Amino acid sequence: MELEGVEIEDTFAEAFPIKVARALITAVNERWAMEVAREATGFGTSVIGCPSEAGIDKLLTAEETPDGRPGVAIMICHFKKDGLKEQLIGRLGQCVFTAATTAIFNGLEAEEKLPVKLHFFGDGYEYEKAVGGRKVWAIPIMGGEFICEEEYGVKSGVAGGNFFIFAKEQMCALTAAENAVAAIQHVEGAITPFTAGVVSSGSKVGSKKYKFMHATTNERFCPTLRDKVEGSAIPEGVHAVYEVVIDGVSEEAVKKAMRAGIKAAVKVPGLVKISAGNFEGKLGKYQFRLKEVLGL
Amino acid sequence: MELEGVEIEDTFAEAFPIKVARALITAVNERWAMEVAREATGFGTSVIGCPSEAGIDKLLTAEETPDGRPGVAIMICHFKKDGLKEQLIGRLGQCVFTAATTAIFNGLEAEEKLPVKLHFFGDGYEYEKAVGGRKVWAIPIMGGEFICEEEYGVKSGVAGGNFFIFAKEQMCALTAAENAVAAIQHVEGAITPFTAGVVSSGSKVGSKKYKFMHATTNERFCPTLRDKVEGSAIPEGVHAVYEVVIDGVSEEAVKKAMRAGIKAAVKVPGLVKISAGNFEGKLGKYQFRLKEVLGL
Amino acid sequence: MELEGVEIEDTFAEAFPIKVARALITAVNERWAMEVAREATGFGTSVIGCPSEAGIDKLLTAEETPDGRPGVAIMICHFKKDGLKEQLIGRLGQCVFTAATTAIFNGLEAEEKLPVKLHFFGDGYEYEKAVGGRKVWAIPIMGGEFICEEEYGVKSGVAGGNFFIFAKEQMCALTAAENAVAAIQHVEGAITPFTAGVVSSGSKVGSKKYKFMHATTNERFCPTLRDKVEGSAIPEGVHAVYEVVIDGVSEEAVKKAMRAGIKAAVKVPGLVKISAGNFEGKLGKYQFRLKEVLGL
Amino acid sequence: MELEGVEIEDTFAEAFPIKVARALITAVNERWAMEVAREATGFGTSVIGCPSEAGIDKLLTAEETPDGRPGVAIMICHFKKDGLKEQLIGRLGQCVFTAATTAIFNGLEAEEKLPVKLHFFGDGYEYEKAVGGRKVWAIPIMGGEFICEEEYGVKSGVAGGNFFIFAKEQMCALTAAENAVAAIQHVEGAITPFTAGVVSSGSKVGSKKYKFMHATTNERFCPTLRDKVEGSAIPEGVHAVYEVVIDGVSEEAVKKAMRAGIKAAVKVPGLVKISAGNFEGKLGKYQFRLKEVLGL
């Protein structure tokens, strides 16, 4: 298969269930909303070594926010509901509540809700009011008043949607990955939790040499090892591979994000192949076949 | 006292010892170095509710980095050495190692060092080489090779340097705080760990109403409560207060940062007063008197 | 009248006919499209002293551009068709054609078209092809191939739509003006040609003191002269006024832009009043009454 | 010759005398100083088709500006002194004077000075004062007061310093060129006037096919024509070439800029060769031999 002259491998991405929450952060301007969203979703690339996965879903215009100010939607993901609750309290409480000019609202309609009780900080000076038809708390602080909802919808979403970009040179793969991530920013309900959305290091389970390691570099996907290992997956002329990993509120959101990302990536000169990562269908609940995702 | 027409209160900031590490992140360009630095230092405003305090120290030109590429120095702070070690492994391993085009080097000369052993990920394909006179590991990954040092200096630094900006209107306080933080970005060895460097919510110890709360809003510093509480610290005509909190590798670094920050802040029209926060000298090991800091 | 607690003066903006062209610039990523758009529309605040008025209309997603790449729509405005043609040739030829990874397409459907014949630069090596259903030239250059349409629609548009922001302090007026400009960026067919969209210096026709000057400061609108001149238009407590000037492809576009801008501005704390500038209806063909624009 | 494994052609850049002025723009923050600098230097890539060449020289910290605020130094270049004077008046008067929170100061010590008499706009309300030891005018405007010097040093500088980046793929050449331009931003007294500093279209004098054209594409430097023209200068495996053009206040500044730019460029993976453009020494007064520039 091909898309804009780039080979599309006939394979699939394999993904997993994860608990997802989503918050709308507003601020006096888009710049501040973004600063806050970045701090609140930082140190959140992978649940393997970070307290949670987290990322910026999308920019919100004034028309899309409860208080009519510029905003950013963020998503926080954790395998367990309790862990997610703790992360919501930590990230919203420490990185948004303390930040200049911000307000926070629930960004996910769901039957189940997690409490984030910030109003006690008001020590009795807080009060309830309505903003954009929502019941919120107004908490007096140094900067003025902080506005927040206290219940956040939680849903079962999808973690680990992905695709791989094989390119002739590192800068081609990088620009393609950047463009893919930029395109995914427009897809509602999907984040790319890794740093700037791009993963540079692929892993295999376990280790051949260091028995104490649970995961080590996947030598078959290392361009510099192409001629040194057996069964290299690196085609001739490929000098870099990047992966884009996607978490979404639903299968549909992940699918849309994969499609938008791949379509943006293949526009960049120097691409060789798009592929996807799976465990042969043995581990994950969800499968996203590139053929279907792209309608090829 | 006055500086550029703005009242400087004759008081002091009270600060505490903390363990500090510092890493130099380089990348193919400044933009990527910054993206990585933001992810690696996110969710790091305060040890009260974040896994550590963390922030961007300063941009590094190609001349200032071991590999001659653009870079960013970051700092990570934790009260305990073990906690700091764990945070280094988590933040560098998950947010920098996995990121596109990056390398990491130690950024703090110190007798004591913490190990961050990433090379095992190479599963035997890794090898040692020298970069900029430093012994590093080169680890084959999908994007090419990842370069890193494995020992990071740790020192006793200073947490909680601070100053307060009182302004007529919220936007005056905000711009002044932004400018202060931008100026502190040029001071080596100092970070402003809160979101974009600015704190909007001041707290007092304990609560008058909610006995289960360890800290609640400091009503004396809330402009909207000025006429509702006794002993308000808000001068007439002040509608917003922001705090800039500083962590540094040394007392000298914190002092320089406070000076640079305050000097930048007072240039902004609409400021009323600069002050600082302390516990009457009862809790912290370090005191930074504004008079001395500013040479007034 | 009031909007979100800010006084809206019952007055109108007076505007003029101007010839408008619009180009779609695409590039390998949004960052480059923006860089190019900025260069191509620079030195373009006012036809009084610049070769033309020019500005960025809006960002375009890949779905909105002929070649499926990220893009930016720009507008160029001149009182005369010949002047506009010359400016198109100069700005597109020198700032877009020479720039990395770019393509240019016509961005305005109109009966009348202006030729911008860049293909002769190809010296016979150029060739025609179709991109997104449009007939374009492909011109071999050092960076690869440059793609362009050669006919640009020209229409009679509207110049000088405007509103004024009166605020307590300069930073309030500035943030409000910034937010207004950011909101107008989402309105298709409208630009804010002044530097970052904001005008800091209002003028009156002629001079009281310097007879050789055609325009001088409008002292009635200078906050620092409030107590020194008769008939000051500056309300008590106002320390800064900024104007946002709008050019549009149509009356409707200007009206939408004024509405979006004012609605964004009044969200900022510290605003006192929104007004608009006119010549008592004596000079301009178009009038935009704030009452109608805002539906008050 | 080689630098970091990249071939350096043993050739030279040929450059020309030009008149240069330099202005220091300050603003309430770096962001506004940059916005203003961009507008004031836009539509300024080449004197061939733009009213002048213009660009951003470097960011200035508060310590480096007369008024202790953040700033940006810009340069404006024109072959004739009269043309330069007109451009200074137009660009500073229309793009800086009208802009929010700005001040302008002379940025070039020189015996000869050009007048930019903005103070008449004050209509008698303006007054003189001293800022940072300089005599300036304070002009009341809507936003507050505009501060400016009125005499700008003019010198004979150097236009057309340059180097060429040959790369395997377009994205390699682009990233290398971006990094070169970023490095040159740190060199005082040098600008890269083209869009974002990068030139995508090289030209030859005259035309083979269109006799009315003074310059057309240099087919020998077009990668897509490599196999179609005789004497192609494109090495095998090269798919993109970008040029960085430099104007400087002196030969030394241009030399430093070329060195900084090339050293930054060769760090990017996928580069093949660095060269430079000349007219065999027949046209330009200045020659910059790569060997000497780089100390090879």
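As written, the chains take the letters A, B, C and D, and residue 1 is the first residue of each chain.
Rule of thumb we're sticking to: contacts are C-beta pairs under 8 Å (C-beta built on N, C-alpha and C of every residue); 3 or more make two chains touch, one makes a residue touch a chain.
Computed from a prediction, not measured in an experiment: that's the story for all the values here.
Counting only chains that touch, the fewest steps needed to get from chain B to chain D is 1.
Shared contact partners of chain A and chain B, listed by label: C, D. Chain centres here are C-alpha means, and the one lying farthest from chain C is B. Separation between the centroids of chain A and chain D, computed from CA atoms only, is 39 Å. One finds 25 Å separating the Cα centroids of chain C and chain D.
Centroids built from CA atoms put chain C at 35 Å from chain A.
Residue positions 28, 144, 170-171, 174-175, 239, 268-269 of chain B each touch two or more of the other chains. Chain C contributes residues 28, 32, 35-36, 38-46, 48-51, 54, 89-91, 93-102, 120-125, 139-146, 164, 170-171, 173-174, 177, 194-196, 198-203, 207-210, 212-213, 215-219, 221-225, 228-229, 239-243 to its touches with chain D in the complex.
Residue ranges of chain D in contact with chain A, taken from their complex: 168-172, 174-175, 239, 268-270.
If you check the complex, the residues on chain D that touch chain B are 28-30, 61-62, 68-70, 144, 175, 178-179, 182-183, 186, 263-264, 267-269.
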